[in-house]
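Several structures are given next for inspection.
What follows is a pair of complexes built around subunit A, which joins subunit B in one and subunit C in the other.
Here is the complex of A and B:
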C-alpha cells in the first residue's frame, strides 16, 4: 500500500512538467488573444500603405501556395521512390540520411543558401520565386516523411491486386496505393505549409520587403509578409511590440488553423479507413 | 519453352516501360542530397573567402566591429552556446518527464489531445515566440531582477526552451511508446511496480532515442534565429562573468540575420557572415548526423 502511494506521488510529479507545457501553450494563446481588439474587418482588407495588412496576408498566401506547389509533387514522388522502389543499399541510406539532415539545417543557413543560389546565382533577385524555392526546401523533408508514412500504411494487398490484373508497377501504385494514401499525403503537405507559414529567417534576404507597391505582379517581384513585418518593425525599427499585436495574432491564427486542420484530418482518416491503425 | 521466353521478354518490356517513371522518382528522391551538397558548396564558397582573409580570428577573435573591419566571431559563438545550453537545462528535464508521462502514465483517451497540443506548440512560428518574449517575458524578467532591460540571455534561454520542448517530447514519447508491450508485461508479471518497470525496462531501452531527441533539440536551438534575436539584446561581447545569464548576448544566426541586409554584396563583411553560417551549418550537420546514427542503432525504434 505504501509503495502504491509513493508511486502515485511519483507519477503526479511526472505530470507537472506536462501541465507546465500545456499551460505554456494556453498562456501563449491567451497573450495573443489580447490583440483581438486591434483587429477588424477593415484592417484586414485595407492596403498596407494605408495601415492595413491586406497585401501581407495575401503575400503570405502566395508564398505558401507556391512553396507547396513545388515541394508537394517532388516530396510525394520522392516518398513513392523511397517506399516502393528504393533498393536497400548504400545509396538509399544516404538519401535517407540527407533528408534528415536537410530537415535539421537551420533556417538562417537555408536563407543564406537561398540568397547566394536562388537570388544571385540563378538571378532571381529578391523575389517571390526565390522565396518559393527557399521555403520549398524547408518543406521538402516534412512532406517526404509524412507521405512516406501515409504510403507505408496502405496495405500491400491493394497494390498486389492491381499487379495480379497485369498492370505495371507504377500503374498499380498510382491507381491503388496513392489514392488510398492521398489523405495522409495532403495532411503532410498542410503540415509542411504550417511549419513554414511563419518562417522569417529563410525569407529575410530572399524574398521580403517591408513596404512595396501592392501585391507582386510577377514571380520576380518582392513580397510583403506578416512574419517579416513583425520582425522588422520590432527588431530594426524598434517599434513598441503593441504595434504588431494584430499582425502577430493574424499570423498565429493562420498557422494554428493550418496545423489544427492537419491534425484533425489525420485523426479523422485514421478512424475512417479501417486498414489504418 | 517458347512461352517461357516470351514471358521473360514481355516482363522485360514491362519493366523498361515503367523505368522512365522510376528515373523520375529517383531524381525527386535524390533532390535532398543534391540540395544539401549545393548548400555546402555555396555557403562554403562565400565563407572560404572570409576564412582565408580573416583566418582563425573569425572563430576566436574577441571583437566584432564592422566600422574598423574587425570580424571576431567568438562572442557570437559563445552567445549561441550559452543560450542553447541554458535552454537545454530547462527543456531536457521538462521534455523527458513530459514524454514519459505521455507515453506511460496518461490514459489512452488523453494521449492524442495532449500530443496534439504539444505539436501545436511546435508549429508556432519563431517570430511569434519572439513577440511573446518581447511583449511579456522580457518586461516580466526585467522587473523581477530589477534590470533596466529584460532582453538578456536568460529570456532567450526561456523562450528557446519552450521551442525545443516539442522536439524532445515528440521524438522521446514516440520512442518510449514503441517499447514492446511484452517486455513491460514480463516485468510487471515478475512483480515489478509500474515505476520499476519504467525505470528498469522502458528507460534503459529508450535512452538512446531520448539522447537523439535531445541532440535534435540542440540542433534546433542553436540554429534558431528570429526568436532569440528579438529577446537576447544583441551585444557582441562575452558577458562578464562568462556565466552571467543576466547579460545581453548575440548569437551566430542573430548576427547573420541582422547584418546580412546591410552588408554590401561581395564584401568582407558578407564573407564573414557566410563564414559564421558555415560554422553553424557544420555544427548542426554533425549533431543531426550523430543523432541519426544513434537512433538507427537504438534497440527500439519509433514508428515513423
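Here is the complex of A and C:
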C-alpha cells in the first residue's frame, strides 16, 4: 500500500509543474485574445500611416529573414568545424565556452554592442543591416548548438562508407552527414528565429524607428517592428495596454507559428531518417 | 612462401595512443584468392585490414610504421594518393552501411567521386555492379527506392556492389556476415567465391567454419602478432603452432 501511495504522490508532484505551465500559457493566450477584437485582415494589410500594421509586420519579417540568412550558414559551418575538425584541446574548449557565454549575454548588452560596433564603428547607422547582424549574434548559439546535435545524430557509418570509397573528408561530410543533418539544422534555425522574433532590447537602438514612410528600400534604412511598436506606445507614448493587444497578438502568433512549423518539420523528416529509430 | 603476392606487408606496427595493437606484422597476400584473418576478439584483425586501405588514418591518435606494398608501391609513402588507394582497395563493413540515398545513388556514389563515368554510362555501371553482387534481379524494378528499404542481407550486397562500382583490385571485408541471418550469409559466402576471379579478397571472420568454407589462405592473429599463416586446409587440418590448434579446437575464442 505504501509503495502505491508513494507512486501516486510522485506522479502528482511531477504533474503540478506541468499544470502550472499550462495555466500560465493559457492565461497569456487569454490576455492576448482580448486583442483579437481589434484585428481584421484590413488592419494587417494597411499602412501604419493609416492605422494599420503592414509595415510593422513586414519589417519584423525582413529583420528575421536577414538575421537567419546570416546566422544560418555561419552557424552550420561553425557546427561542422566543432564536431568534425576541431582538435580536442584548450583552444576548442575556449571556443566552446565562448559560445555558451554568448548565449547568456543580456539582449540589451548585445544591443549596445550592436549600436557601438555595427551602427557607429561600421557606419551602418540605425538600419536593417545593423539589426540583422545584431540579431544574428543572438541566434548564433542556438543555431550552432542545434546543428551540432543534428550532426552528431547522423551515424558515423555514413561518413565512413564515403571515406572508404575514396572521398576527401569534406566531401564525405558534405555528401552524407550534412544532407542527413539538414532537417535538424533547419529546425534549429527556425527555433533561433522564434527566439529573436520578439527581441526588443537588441533592436531598440540598432534598427528600429517608430514610423517610416513605406517599407525600407535598402538594408541601410531603419525598420518598423511589432515589438518596438509595443514598447514605444506603452513607455514613451503612455498609451493604455489595450491599444497594443492587437499588435502583441500578431507578434505572438508569428512566434507560435514559427515554433509550430519547427515541430511539424521535425516530425515530417523523422520519417526520412530511419536510422533514428 | 606465397608467390604472386598482391599485397606485401612488411613490419607493420600500429598504435592507438599508447596501445600497441599490431606488432611487426609481415605477410604476403596472394592475388585472386580469399585470405581469411582469424583470431580472438581484440587481436587486431580489423586494425590489420584497415591498415591496407589506410582507414586507420582517420582515427585520432593512431600511428603506423612499416610498409605495405600494393602493385609495387608503398602505400604509406608520403606522396601516396590516399583517395586513389581507397578506390583500388574497397571495404565492406561489419554492419551494412548504405548511404542515406536511393539504391541507384548508392552505387553511383563512388564512380561520381572518381569521375569514372557520365550521364547514361552510370546506368551501365549500376547494372554491372549489382549483377556482380548478385543483387540485380531483386532491385532492378526499384532502383530509386531508399537503400534502407532493403533487408540486411540485401543492404550488405548493395555495399558490395557499391565497392565494386569503382573497379577495385582488392576487397577488404570486416566480418561481413556477422549481422546477417544464415540464409543471407550463405548468399554472401557464395558471392565471395565468385569474386576471386577478378579481385583479391581479404575477409576478417570470427566464424571458423566460415573461414574454412570460404578462404584459400588463413592468417591467425593473436594479441597483434601473426602466429600462423598458410593454406586454409593445412591450417585447419595440421596447425603448426600450439596456439593455433587451441583456437581452432575452441579452447579459447
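The rule is short, and it goes like this: the second predicted complex is superposed on the first by the 263 of 277 C-alpha atoms of A that agree within 3 Å, B and C clash if a C-alpha of one lies under 4 Å from a C-alpha of the other, contacts with A are read in each partner's own complex, and residues count from 1 in each chain.
FYI, contacts are C-beta pairs under 8 Å (C-beta built on N, C-alpha and C of every residue); 3 or more make two chains touch, one makes a residue touch a chain.
All values derive from a computational prediction rather than experimental measurement.
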Q: Give the label of whichever partner, subunit B or subunit C, reaches more residues of subunit A.
A: B
Q.
So in the superposed three-chain picture, is A:201 touching just subunit B, just subunit C, both, or none of them (first/second/both/neither)?
A. first
Q) Of the partners subunit B and subunit C, which touch A:176 in the superposed model: first, second, both, neither? A) second
Q | First (subunit B), second (subunit C), both or neither touched by A:168 | A | both
(Q) Looking at A:51 after the superposition, I want to know if it touches subunit B, subunit C, both of them or none. Which is it: first, second, both, neither? (A) neither
Q.
Contact-wise, after the overlay, does A:77 reach subunit B, subunit C, both or neither (first, second, both, neither)?
A. first
Q: Examine A:255 and indicate which partner it touches, taking first as subunit B and second as subunit C; both and neither are also allowed.
A: first
Q.
According to the stated criteria, A:160 is in contact with first (subunit B), second (subunit C), both, or neither; which is it?
A. second
Q.
Looking at A:25, would you say it contacts subunit B, subunit C, both, or neither? Reply first, second, both or neither.
A. first
Q. Looking at the overlay, what does A:238 touch: subunit B (first), subunit C (second), both, or neither?
A. neither
Q | Shared subunit A surface residues [contacts with subunit B and with subunit C] | A | 168-169, 171
(Q) Looking at the complex, which residues from subunit A come into contact with subunit C? (A) 88, 155, 157-158, 160-169, 171, 175-176, 179-180, 273-275
Q. Any idea which subunit B residues touch subunit A in the complex?
A. 14, 17-18, 21-22, 24-26, 28-33, 35-36, 38-39, 42-43, 45-46, 93-95, 97-98, 100-102, 105-106, 112, 114, 116-121, 123-128, 130-132, 134-136, 162, 165, 169, 193-195, 216, 219-220, 222-226, 229-230, 253, 256-258, 260-261, 265, 273-274, 277, 280-281, 284-285, 287-289, 292, 304
Q: Within their complex, state which residues of subunit A touch subunit B.
A: 3-4, 7, 10-11, 14-18, 20-22, 24-25, 28, 31-32, 73-75, 77-78, 80-82, 85-86, 94-95, 97-113, 115-117, 120-121, 137, 140-141, 144-145, 149, 168-171, 191, 194-195, 197-201, 204-205, 227, 230-231, 234-235, 241-242, 244-245, 248, 251-252, 255-256, 258-260, 263, 267
Q: Could you pull out which subunit C residues touch subunit A in their complex?
A: 53, 55, 58, 60, 82-87, 90-91, 93, 95, 97-100, 109-110, 113-114, 146, 148, 159, 162-163, 166
